[in-house]
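Shared chain: subunit A. Partners: subunit B in the first complex, subunit C in the second.
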Partner chain A sequence: MSSLSWRTFYLTGYTGLDDAAAVWDRYISEAADFEATLIDGIPVLKEGAADQARDDFDGETADLVRGQARHIAERFLDDLDAYASHIKVLLQEAKTDFETKRDELAGLFAEKSVYLTAEGEPGEERFEVNESDLYNYLTGSGTVEPMNEYEADAYEQRVREQAVDLSDRFKTLMDSVRELDDQYAADFKALNDDPPPLPPYVGSDFEAKTAEYLQEQHQDFLDKIESGDAIPEEVNDWWNSLAEGDQELFVHELPELVGPVDGIPTEDRDTANRILLDQEIADFSPTLDEDIAVIEDRIAEIEGNWSEIVANGDSIDRAEELEQLREELARLQGERVTYNELVDLQSAIAEESPTGQQYYLLGYDSAGDGKAIVSVGNPDTADNTVVYVPGTGGDLDGAGGNDLQRAETMAGDAAQVAGSGETAVMVWLDYDAPNNPIMNSPSLSYAEDASEPLASFMSGLDATNHDPEETTTTVIGHSYGTTVIGQAASEYGLDTDQIVAVASPGMTVDHASELGIDPDDFYSTTAPGDLINAAAEATLILGSDPNDGGLNIQGGGLDSGFGGTSFDSDNMGWSPVDIHSNYWDDGNPARKNMAMIFTGNGDQVT
Partner chain B sequence: MSQGLPELEFNRGEAFLRMDEAIAQTIEGLPDFPGFQDRTTLKLDCSEEGRESYEINYTFPEETIGSDLVTKEYFTVLKEHWSSLGWEIHGERDDVDGNIADIQATRPDGVNIWYSNMLGQAVIHAQVACVEAEGDPVCGPPLGGVTPENDHTKYCTLETPDDSTSETAEAIAPFGGTTAADVPGAAPWARGPEDPESPMSDPYADQL
Partner chain C sequence: MSDRMVIDHQAVSEAVEQIETVAEDLDAAAVAVNADAADAVTAIPIGEFAFRPALNAAESWWYSRIVDHRNHLIDLAQFMATNAAVAAQHDQDSESDLVELGEELQVDVDEYTTSDYYETTGAERPDYNPAALPTDGKSVAVE
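Up next is the complex of A and B:
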């Protein structure tokens, strides 16, 4: 506990704390200048800038040395900045707090009677009555006129009562001053003056070690990303604050922290996810097919000799072995399916797309049915961006196959619209799509689980786009994919200009205005004979029909309809099941209408 | 799978050659043909196991965007030309202003051709629906002077006439009554821009 006495406290000048704070402030400024001198002022250490000196010190090793020099400088300067800033703030706060308390004490002194005197050691502060002076005053000694007895008694009582009252306040105030003194002493003592760890030295495993060092430096924000507390805009700001060399280290050494994160630019996510995909494929056993064949042979052998096994009394052991073999076979065959899907995805995005655009892998997950986000064209730089959400049956296989082909078709069709610029089309399958159109699709749970990831992805696109104000963004869903969009749009809101619903069973809302966009920016189509008509009407679980133009009489009055614009699509066949998938077929006018919408020409749909 | 198309008498291996052949026949009827800007190939949905659908797109050059030639005259010409070839006309659609914007025709062998006005940009699509997925998809050099950098052929393997030789000629021989040797040009059935000075003419000359 502090032993600060009221006399010391009252007589101390606190402007010295301000002077000390100013000194620390100067250190901070000089540190910033030093950083500019060290990093930016020495060309060979400056990253990402064309310079003769830098050109002379070029290559991978030079980049590593540059990165290490920057890390070392940042390590000291960041530490100094944090340490000095903390001290400065503490000094400034202490000055303010102590001066405030001293003003309070001065107020007590001003308030007290002239016949009271401050006395007492720490913890015993009080005001004592100056008895002789008070007696002289009351009895009229000297030049003062004497009071009558009644007045003198009353005056004396007031002085004595004030002594008691002010003594309480005096002691309480000084107790709080000593607490403050203790608190600042503890704060200054708690300042961490241990230097942070040095970055790794250039040498073997330097990149991996530096990446580990970087991860530790940024762990707080990485934890925020992991917990879902960092919005994509914050992620984008954080990413852009990193030096180019550090971004590369994150991408190449810590791809799992980059690939799936909304708000990180498309090029970097793509590189990270391709690294992860290559690694996962390489991790599969090279003898997978042989292992499967060995087990199949052994199963065939046991089954083929079963009569003999029974005759030999070995049936219980062999039956047990058979069960284990079948379980292992199922596991390996599952691995084989996953391996094939991953290889197919890798192959599908290896070359340029049929539209001449590059593919970008914005995320994937091989667990379960698998998930993937693949883009035809770079959405960060395109003039128009389209996010396609597939419906029932969507899986990893489709993201590299049928659904990707639809994205290519949409990108190709959009490119043909005069003056359209580039249109990037993404397959967004970052959700567990229902597998069975009869058993699963009427359930809303898949859409509920998908809505937050879709909203986050759209916000990420907005954060990484070069010019979000001028880019036309559209989210288009097919079948159950429209339900996902409706759920996400109504629950979280989507960063999109337009929404398109193709063959929708319902979007969980009754009107386009509930989707968070202008209803004029909502478009829908369902071809005549599509099975989804019957499915949607039969369940009504997923909401109103988005194609309802408001012409049907319902409940005795005119239905106001869903809102938005319906556009034509042909059935292109007779089978209700096939019609549901024919919207991207050869010659279907739906394709042209979608191209018009994607390129900002929605007023041209027919 | 599109309904009403005849049973296809060819498989995936011939699909792109058939589609390019149909487009070659189409542009034979186009007056003042300006050539093409680019070619792309697409793979489309087919719900039948073991079958696949494909498409080739050719866009007209930028300088033709909005011209009467491609947005009006060619619709009239193609209607007559396709009919004269015995192809079934369908898919006529107008734009929001009431002007014709789409027309399609199906060749007797099932290849569908779609001529479309995309806000002034003319495009020809050739399509085959649900061919048997047998044979490697091969495509010949592009028509209409498309330069190599504008020729995007992800879904077919590009073969120059030197590569394909008699096999390609035989592949197209059963249809149209012409053989590869009957038609001069970069591809057996190719037709370049009518302007012989065009920089787009014969881009594959150095490969022949």
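Up next is the complex of A and C:
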């Protein structure tokens, strides 16, 4: 607590605070060049240099060294702003505040009668009447003429009343000065409360510790991403604001913060997701098959000896053991299935695709049926991007199998269109697709849950695309995938130029104009023999039939239909169930039509 | 860590000297600001104003923070110097100074200790000086 006396306060000069602030100001100005001195002034520390300096010191360690120099420089400059500048500002403010208070005190002294004297220790400040001088004045001692009794009484009363009044103000003022003093003491003390850590020293898990340091530096934005409050465009801006070395650290040391995030460029997401995939596969027990075999043998043993077990009166214990073994077996077999699916996915994207394009893993999740987003070609650099949303039965297995083959087919077909450039086709299975066409597919809940992730993904593609204005973007769904697209487009809007519905049971809307795009950019097809025709016409839950060309007579008049353009597709078979999946078969005219749409030639579909 | 480091030991040694100079300049500037700022406020009695000792403490803390920054720079410089010294020892081409250090030769960034620096460069260990030690509680890996 401040015990500042009024005498010290009044007699102290405060310009020194300004002088000190000026010292700090000069220091801060000179120190602000620190980064330029350290990084730009020392060639081998300069990041991104493609010149002699990089040749002089190259490799991953050299990159880490450069990153460390930059982290030190950035931390120093942040410190300069947070602490040194704060000290300077506090000094300036203290000078102003103390001088203002002192001026107030000076005003009080100027206001007081000459027969009042300031007295008192801290907390007891008051003005006392100088009795002898006042008496002399009132009685006319010396050179002063005496007052009459009435005037003298009135004058004396005024002086004594002022003493009381000003004493209150005096004490109040000094109390506020001491509060000010305490406040500045607290402010200076608070300066170094919980300062942010400096980068780690070189050595002892330096790379991992640097990644942790980096994560802490960006925790606020990472929390924003985690909570879903950061839109992909913001994510992309944030990512691009990072130095290349820091991006590398995020990708390699913190892949879980990179792989699934919409708005981060495809190359980086792919690298991060492949690291995660490799790690997850490596984490499976190497003795999984043996463990399964041991349990199967034990089950077989119990089951084989069941008569004997019953005869020995051991059936209750063995039955219990059998139940536990079967549960454990089911769990391990589930693990085995997941392991196989992950290995299949890893294998499917290991090499170049048949189209000659690279695969990119934009996300995956092994939980439940599994989810995955795999791209044939890099959507950030392609001339055309296509997002394919599979329908009922879509899972991790399909994302690396059948659905991926369809994506390859579509990419290959698009490449056949003259002058089309590169078309990147993604399998988007970042949703829990219905498993059973009878039990699950009529439900909207799967589409509702998928809407936000799909909308976010499309925004992310738009954010990372090299030239979104010139790139033709299409979202294509098959079967229930079209319902997902319709729900997402109508609920959130999709960053896409075109929407294509293949064998749609309904898109949750009654007209293409409700999909947030020009109806002329909506295309649909369903083969004549596809069983989905019955569902599309029968179900009201999933919306109107997207193939409704407007020729239906309803209520005695013509309606406008769903809108958009229907294109041809053949049955390519006899079974209505098989026809539902034949759209990507060789020879199906749907393929050429889709290729024309994807490459911006939708006016040429048949 | 990396299996390859290309290093021109001459260029990196020059960089090391520059980093050390930056570190010492950083320290000297912080010493100067503390001294000059303290001189400027001598008219404000430290025993009377509560904020004065707090100001002193804040300025002292700033200096300790700068010591930490300086130590980080020295640490970085010493790591670079260590690898530059290794490169110099394996430089077979007196014309280029450019040496490629494989995994087995370079001092790994994840395993480096200050002992590596003193042993590799032959630099003299300084006398024990508590003021020069990191003050944030995160010491360099001890040898």
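Here is the rule we go by: the second predicted complex is superposed on the first by the 456 of 606 C-alpha atoms of A that agree within 3 Å, B and C clash if a C-alpha of one lies under 4 Å from a C-alpha of the other, contacts with A are read in each partner's own complex, and residues count from 1 in each chain.
Here is the rule we use: a residue touches a chain if its C-beta (ideal position, glycine included) is under 8 Å from a C-beta of that chain, and two chains touch if they have at least 3 such contacts.
Since we're looking at a predicted model, the values are computed, not measured.
K.L.:
Determine, under the contact definition given at the top, whether A:A595 touches first (subunit B), second (subunit C), both, or neither.
P.N.:
First partner only, subunit B.
K.L.:
Scan A:P197 for contacts with subunit B and subunit C and give back first, second, both or neither.
P.N.:
It touches subunit C, and subunit B stays clear.
K.L.:
Which of the two, subunit B or subunit C, is in touch with more residues of subunit A?
P.N.:
Of the two chains, more subunit A residues are contacted by C.
K.L.:
Could you look at A:R406 and tell me whether it touches subunit B, subunit C, both or neither (first, second, both, neither)?
P.N.:
first
K.L.:
Once chain A of both complexes is superposed, is A:G419 in touch with subunit B (first), subunit C (second), both, or neither?
P.N.:
First partner only.
K.L.:
In the overlaid three-chain picture, which partner chain does A:K189 touch, first (subunit B) or second (subunit C), both, or neither?
P.N.:
Second partner only.
K.L.:
Quick check for you: in the superposed arrangement, does A:W574 touch first (subunit B), second (subunit C), both or neither?
P.N.:
first
K.L.:
Using the superposition on chain A described above, determine whether A:Q217 touches subunit B (first), subunit C (second), both, or neither.
P.N.:
neither
K.L.:
Can you list the residues of subunit A that meet both subunit B and subunit C?
P.N.:
None.
K.L.:
Please output the residues of subunit B touching subunit A within their complex, sorted ascending.
P.N.:
Against subunit A, subunit B makes touches at 1-3, 38, 40-45, 47, 53, 55, 57, 59, 65-66, 91, 93-96, 101-102, 104, 112, 114, 116, 118-121, 123, 125, 127-129, 150, 152-155.
K.L.:
Quick one: in the complex, what on subunit A touches subunit B?
P.N.:
By the definition above, subunit A touches subunit B via 351-356, 402, 405-406, 408-409, 412, 416-419, 572-574, 577-578, 581-582, 584-587, 589, 592, 595-596, 601, 603-606.
K.L.:
Spell out the residues on subunit C that touch subunit A in their complex, using ranges where they run on.
P.N.:
1-2, 4-8, 11-12, 15, 18-19, 22, 26, 29, 32-33, 36-38, 40-45, 48-51, 53-55, 57-59, 61-62, 65, 68-69, 71-73, 75-76, 79-80, 83, 98, 106, 108-113, 134, 136, 138-141
K.L.:
Show me the residue ranges of subunit A that touch subunit C in the complex, using the header's touch definition.
P.N.:
1-5, 8, 12-14, 16-17, 19-20, 22-24, 27, 30-31, 34, 37-38, 41-45, 53, 55-62, 64-65, 68-69, 72, 75-76, 79, 83-84, 87, 90-91, 94, 178, 181-182, 184-189, 191-192, 195, 197-208
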